[in-house]
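Structure record follows, encoded as structure tokens.
So that you can tell them apart, the chains are marked A, B, C, D and E in the order they are listed, and the count of residues begins at 1 in each.
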Amino acid sequence: MGLLNSSIVYSEEIYGWEFLEFEHFEDVKFMIVGLPDVGLVGAITGMHLIRSKDMSYTVGIDHYGALPPVVIMNRGRVLHPIRIYRSGDVAALITDVPILPAAIPSFSAAVVEYSRRRGIEYIISTTGVGNPKRLEQEKPSLYWLASDKKASLLASSLRMASEPEQGIIVGPYAIILKEAMKKHVHNLVLLADSFIDIPDPEAAAVIVEGINSITGLNVSVEELIKQAEEIKLRMRDLMKETKAVMARMGKEMEYRAPILYT
Amino acid sequence: MGLLNSSIVYSEEIYGWEFLEFEHFEDVKFMIVGLPDVGLVGAITGMHLIRSKDMSYTVGIDHYGALPPVVIMNRGRVLHPIRIYRSGDVAALITDVPILPAAIPSFSAAVVEYSRRRGIEYIISTTGVGNPKRLEQEKPSLYWLASDKKASLLASSLRMASEPEQGIIVGPYAIILKEAMKKHVHNLVLLADSFIDIPDPEAAAVIVEGINSITGLNVSVEELIKQAEEIKLRMRDLMKETKAVMARMGKEMEYRAPILYT
Amino acid sequence: MGLLNSSIVYSEEIYGWEFLEFEHFEDVKFMIVGLPDVGLVGAITGMHLIRSKDMSYTVGIDHYGALPPVVIMNRGRVLHPIRIYRSGDVAALITDVPILPAAIPSFSAAVVEYSRRRGIEYIISTTGVGNPKRLEQEKPSLYWLASDKKASLLASSLRMASEPEQGIIVGPYAIILKEAMKKHVHNLVLLADSFIDIPDPEAAAVIVEGINSITGLNVSVEELIKQAEEIKLRMRDLMKETKAVMARMGKEMEYRAPILYT
Amino acid sequence: MGLLNSSIVYSEEIYGWEFLEFEHFEDVKFMIVGLPDVGLVGAITGMHLIRSKDMSYTVGIDHYGALPPVVIMNRGRVLHPIRIYRSGDVAALITDVPILPAAIPSFSAAVVEYSRRRGIEYIISTTGVGNPKRLEQEKPSLYWLASDKKASLLASSLRMASEPEQGIIVGPYAIILKEAMKKHVHNLVLLADSFIDIPDPEAAAVIVEGINSITGLNVSVEELIKQAEEIKLRMRDLMKETKAVMARMGKEMEYRAPILYT
Amino acid sequence: MGLLNSSIVYSEEIYGWEFLEFEHFEDVKFMIVGLPDVGLVGAITGMHLIRSKDMSYTVGIDHYGALPPVVIMNRGRVLHPIRIYRSGDVAALITDVPILPAAIPSFSAAVVEYSRRRGIEYIISTTGVGNPKRLEQEKPSLYWLASDKKASLLASSLRMASEPEQGIIVGPYAIILKEAMKKHVHNLVLLADSFIDIPDPEAAAVIVEGINSITGLNVSVEELIKQAEEIKLRMRDLMKETKAVMARMGKEMEYRAPILYT
């Protein structure tokens, strides 16, 4: 027989989203958010952290009106479509379904508000920036953007990372950033050059190295690089679903210049 | 003259769904749910149980806003589109109309809540899992997934059945499973390898054998196999409607890998 | 100068539908409902009863949100799109506009509730059942379905009519039947084999004969047969509109088998 | 410098429609309504009355949710999209934008209610009836339909006009007529044979002559005929927009027979 | 390290739109509104004013339900999609995202109401009017339209500008104008002949000269002309997005004649 399902010890609804806790969610300092996005960089980052550190499934997130009617089966265990795993003071949020455009504002705001209520200090958003010259890059570049001074101090431990000159962020990370500013949660966005429509484990590796520097997690990146081909294959369908969602939320706006320049 | 219609002795509305009882619905231990889905496995299972055991029509379920405006005529009797039949401590829920995507959450939650209110111990969901190699199988495999420990004990009487390694369930059974976990109703999902777009009575036969083991019903499977061709023909149009609904609810997600693997 | 418009003596709103009475609507025993449907059998039946018995326009039914913005002009008189005519203890409801799918539940329920409030004993629904072999029939067959025992007694005066073995009714008549069962109004459905997309006055004639037997109205059927060609021509456009609406409400479900059979 | 804008002296909201009065709107007996419709007959009629009598802009009508975001500029003056002009005891309502199907019920009911509140005696609706033989007519025929006896007396001064035998009116004028019957405002509909998709100033001229007889306005029709070509050209785009709206509100229903005939 | 983000010192919600103030917004006399529209004339005007005068980012405007989920990154700083900059008694409102048709009424009314609450005297709307003969013009013409007498006095300092004879304005500026009339804020609309689907910096230059005359700002126009090619290239994608939005709000109505003419 496989694994047994845990029971729900506490649940809370925020902006229509249910947060179902299988363990009490306390004493977490860093919440790494890894959503399916450009090159699935965030999703791969989240998956790799959880597997490497054997994090435990702590919180299920659900919303019948905003998500497809889905459960994940894993060796006899029932998993909710969006999940938070946890190990020590680091948590990682991943999802098996892309967040549809209409659900982005409430979902993103709920994640920030839940983090605030649970006393999380830093939300670390992880994502790719589509770079048409990605193929020519030996190693993708790492960029960061901070919601405030305290979050920017976190970035000081990053080697070789820079703030992007100019650009537009479209999607849940944009709302998480704006909500963090309003709610005084500290939010650091880590971005890596990435393929757009192909899962990019090498870009995720660059992000993982950054997370190692910031959190002291010490997650191996080698394995991620070794399994790159397998990951690309495995994530092909999620990439396709994500691509469809990105088109609908106006993601292509990221590839044009903002109106002001300096 | 045909059969006479029974009068409604009690009715109750749950999440917008009307449960119209033609007899009081008490002392039921097992609720077998047979919805139209992959290979119509659940629908065929439900139909076969009701006919074999000559179960009696006990509860009509309706929702003018969520279902097409439909009644079924059967030798002078008027039937509601979704119905619960019953014999002894076993009940079977079937439907003549597919549940549209927008109605899935409220319908599934209402079924669990109604079961809870009527003191039902086990909800047994019956469905197919599309297997591209189905044609090569002598006998389809049986799988199960349990909402909790008590439901998993029920599965211990199943011979030759296993928990699936990994996978995604999309549709009403996913919500029924999650609601059962929240409401502490015990839910066992029985899945059989199945054709996707062709009614698959052989897959239903495997499920019926499982139900026999669990409930002690002793329903003949031979007849089901004998009538296989007739059933396929008869259910062709319901299969077509179901296929259209499955496409709209993102059912194809069942054929990709979840993000985590172990 | 033509006819003068009557003034409204009483009006009542039920489920968003306005019932505007030009005379007080009392002492009616039978309400014949003739909606545009398969072969326009109901619509032709209603029209023929009203013209033959020179019934008087008694109630206008309207709903700005659910019906197109329409009035009918008839020799200087202004008519509402849905109307009830009356002669003695028999009333006939007809409509110049098809009921759109979204409006079917509220309209059908309002008709039953209005009938209940006005003390009507029997609602007699009149409709066609599409029969692909209709062309080969000398005379279309008549079928009936009753909501309860009292309604079925009404059918005992019908010669040569039978209850259909099995089938599905889709549309307003399905909701009227279910509401009648809930509200304890007696509802008899009269169905005649019919062409599907061609107005079928011969099928209507079979229904009219049935109504004669039940109500003692004694309406001539000869004239209906004589004017068949003219009626087909005149109703061609209403047939086209009705066909479009039937497609949208899933009417084709009537041509498949229900899931259970006996 | 051009004209100055008047200030709003009073405003009132009815069913979501704002009535902005630049002068107090009192002592008006006839409200001529000229909406864009078949052959733009009403719109041309309204325009011609306003220009011939040099009527003054008295009331602006607006609804941000139902109308496109529009203002009209006229020699420095800002005009609302729907406007009432006035001269003596006659007012004329025109619009630069077609009323969309979803807005027709609330708009039409608001016009009747506003008329009732301001003590207007007669609403005179002006419109075309598409006649496929219009090209063969020397002079289009004039028809009328009255909401009640008092309105029909108004029609007695019309020469050569008749009530139409049978027909269907689709659009705002249908709702205005039904609301007038309910609210006891007297409504006379003037209809002239018209081209359908081509602006038809000759049909408008026939209506203007009718209005002259009824109101004693004495508006020249000659000029309208003389400018016919210019008007057709100028109104080409409004005709196109109106045609698109008419298609969406089921206007083609006007070209079929009603279900009853006498 | 780049620029630091300011904190929000005050925020206020008007008609669903959040106004987030990074500095208190007081003592502003002129609010120049530069929305993406025909030829992006307003957007280019706003951008040029802000860059030339090095205005400071003072107010962010946001609405999760009405705008795409977006933030702008600028050298480490996080910017909201719609922003007000300020220098002395002049403010300029620009946006990186087009306002979708459904959001136009609430956005435009919120801008006027916010201006009223902050004591702004004049809202100056800046836009292009598509002129098919634009290519033949040495220098585009300047036009103006005033909401009231006080606003028209402002225009008296404009050389070579005139009120347009006739025309229709479609979009946010139409609602701003009508709301200004209702709320007694003074609104002057500056319009310049412009290309329709190509960014037109030369047309913006004509508007900037007008703003110089009115406000005494003394912004150089030379640089705008010199950078014309670069601006056209940079704004190509915003033009494309704007073009799509204009098509949906019925912008083509600007190219037809209003119903009345004088």
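Please note the rule applied: a residue touches a chain if its C-beta (ideal position, glycine included) is under 8 Å from a C-beta of that chain, and two chains touch if they have at least 3 such contacts.
Computed from a prediction, not measured in an experiment: that's the story for all the values here.
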**Prompt:** If we look at chain A and chain D, which chains touch each of them?
**Reply:** E
**Asked** Degrees of rotation, nearest 5, to put the Cα trace of chain A on chain E?
**Response** 70
**Asked** If you average the CA atoms of chain B and of chain C, how far apart do the two points sit, in angstrom?
**Response** 37
**Prompt:** Once you find the CA centre of chain B and the CA centre of chain E, what distance in Å lies between them?
**Reply:** 59
**Message:** What order do the chains sit in around the ring if I start at chain D and move toward chain E?
**Reply:** D, E, A, B, C
**Asked** chain B touches which residues of chain A in the complex?
**Response** 1-2, 4-5, 7-8, 11, 20, 43, 47, 50-51, 62, 64-65, 68-76, 78-80, 94-97, 234-238, 241
**Complete:** Per the touch rule above, chain B residues touching chain A in the complex are 101, 104-105, 108-109, 145-149, 152, 163-172, 174-175, 177-178, 181-182, 249-250, 253, 255-262
